[in-house]
């Protein structure tokens, strides 16, 4: 746990720093119990190209696709995973946070893409917040190490850059993958129109409460709905803001 | 498949070009497996005028109606259709993307409209993104060929134009239908107030995640909710961003 | 039908005119089959004051309340009503449109309100659009005749005015009820903070798709979800934009 | 009832005053039957630190976490509680309003927080409205007395301050707890990035209709859905805006 905790902190450090330039901001928004890079999703590339979605926990495939001259970008949310709380309360807690998964696949010909060379970048909730709050003159950069804290740590680094052009008349979304073993650098660029970016902002804003798990929290039956509050036992209901 | 693929590309080409002026943007947002003009909706005009909705897959009729002096505009979403994935995973994928259907019917008298002369225009998700991101000084134009890639291709072209007037104090929505066989051109204009346009923006923003299918994706039960993550089998859960 | 149709048109005429100053805008957004002032809600004032909600079709009472020095304003949505379509399709259509109901009750003492003298104003979807799109310097006025087209028509007129003050630092919401029989005019003023107005905008934006019935439209199971599209019968699926 | 009513009024008085500077605004938005500081939530600190959620009525724990150098802030919504209406209508009404709960825990070392010294602040719906409408140059302050109207009233006062810095490039959220018995003052500061604040605005906007109970109101089956409106009994359906 502590291991992935630190990995998350450094992970957020890199992406937050460029947003705020402040070390105080380095420890960004965590999922409950931390975001785990090795999350619970199968990623068979063949499946992905076939279905546009590689999540083991998604039985429905509905990516938003932006196919351009140099690369194809597909965007889809991955829901959080939950685990039972050990105490016998029957409660659940978010085990792994959801993400918005960006998948870039390079073009190999006019409207043909190499589905075996796709690269992924998983936006955390706070990185989604950065995307949806981007102004028509803004820019964001995020840095991930996909195998952080594993023995492959540092082998590969990924940088996602989102830049507004012409005062928001279009946007450039670029993924740069550097592999220090292979001494290789791949760069995948997708030019996005205002209309497409509006779809991204609207659908990611819709998805955000879902990937942090708030939508499920809302759909629970609230206590007290069965009985009158007069039956409430004060012992069980101390002051909302006052417990010490 | 390839046929409708190309038809979609050209279809998006026309509408995107005027938005961005860039050929690189020509290959716009696709529905999974492409948007198919011959989509799964019955369009009996009589039914439509009777119910305000011509979708075979909609059992509920709830269009938003804007009735003006020269024409009536009704707006309603059509949900995507899904198909089973051949592999025995029980998975579904979006087969045809949803749309926001605009229907224009000409006025023939004070508050009377000719329900037999209605013209339709189906906004794709990206065209909806263009509508909801329109500024108080903006303008958008979309071009469709309703029978693209069929033997009737090119016979008819439709142009939808949305223009802000008086700095957003009102909007003009115009549909122009040109029939090269009949050498005819129809133009249907509906003047829309700021209040009505706000309803369009708000309801289309609400509908957008639904017409791309993300709402259903969200309502699935996430994996891991039944068991503790300690039971997770690493083989099934490779690195989220790291599969090659 | 025609009767309530005309009544709706004149009703919208009054409210739209001040928004756009255009007669062309007079025929505003209609609910399917028109908005009927005599809608399906019981309005026992005693019930209302007791429960904060007078809708016969609402079994849950959750108004948003703004209690001020001169009057109390409570706000709650009323859902549309549906009716079966005569044809045996099992389809439903919106019979009466939903509204956002504003209820004003005058203060009779410090923090005491006369629940027997409440006055109501039902915002139509387009009037809600006007509220949620109001700028920090805007103003809106709506005129209703609650008994329009009945034999009591013209006896009473209601005017709702929403005005931004101090560049949006606060808002004044006023309901003026003129009774020509009693030669009386009542005016109920509620001063609303930016924070309270933000709650109104956010909750009314949330409610808008629901009061026009789009939320239910979204929750239907789309066709084709059971079978593969290859089984689709072309006869039943003519061109989406192409039916004449 | 009157007791907690007054406590709410004074409670809102303090928080509203700084927003509007107007006494007329002092009586802010109430939950149905008033917001009760002693709400129905268990607050075992150990549970809280363990689960990130102390709501007795939440069986799912999904807080949004912002961990910084001086303190950790976790944010989660608490749903309203409902009670049956005495009359045999089977109706429910909101008994206690939901809130957005902010929990601040002080740092005791690099990335270590003292979960036993957490302080809570429960944002009412109107206070949430103030947060989501905050501009890039705005500031809000709210004052609560957690034991208001109890015999401990006045012992402790809490002040929450939210300030935009650098024109919205970051935000400072501070909770100051003054204990007059212990002559102590605690101050917990969390610096929040634009991206994190965007997550707060988006998720709190999503949560707002839920904490006032409107989401459940929307999910009811509307009346008339079973039958044709022709069967409607006029006695039960007087004029919508016209009951005296």
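Chains: A, B, C and D, in written order; residue numbering restarts at 1 for each.
Operating definition for what follows: contacts are C-beta pairs under 8 Å (C-beta built on N, C-alpha and C of every residue); 3 or more make two chains touch, one makes a residue touch a chain.
Fair warning: this is a prediction, and the values are worked out from it, not measured in the lab.
Copies chain A and chain B of the same chain sequence form an interface built mainly from non-equivalent positions, shared numbers / all numbers used being under half.
Between the two copies, chain B and chain C, the Cα superposition rotates by 90°, quoted to the nearest 5. Centre-to-centre separation of chain A and chain D, using mean CA positions: 27 Å. The distance from the centre of chain A to the centre of chain C, with each centre set as the mean of the Cα atoms, comes to 38 Å.
Those residues of chain B in touch with two or more other chains are numbered 80, 82, 92, 215.
Chain contact topology: the protein chains form a single closed ring, every chain touching exactly two others. Interface note: chains touch in the pairs A-B, A-D, B-C, C-D.
Residue ranges on chain A touching chain B, taken from their complex, read 37-45, 51-53, 56-70, 76-77, 79-84, 92, 95-96, 99, 101, 111, 120-122, 144, 146-147, 150, 152, 156, 158, 169-170, 191, 193-199, 202-203, 206-207, 210, 215. Every residue of chain B that touches chain A in the complex is listed here, in rising order: 5-6, 9, 16, 19-20, 22-25, 27-32, 80, 82, 85, 89-94, 125-130, 132-133, 140, 205, 208-209, 212-218, 220, 222-225, 227-229, 232, 234, 236-244.
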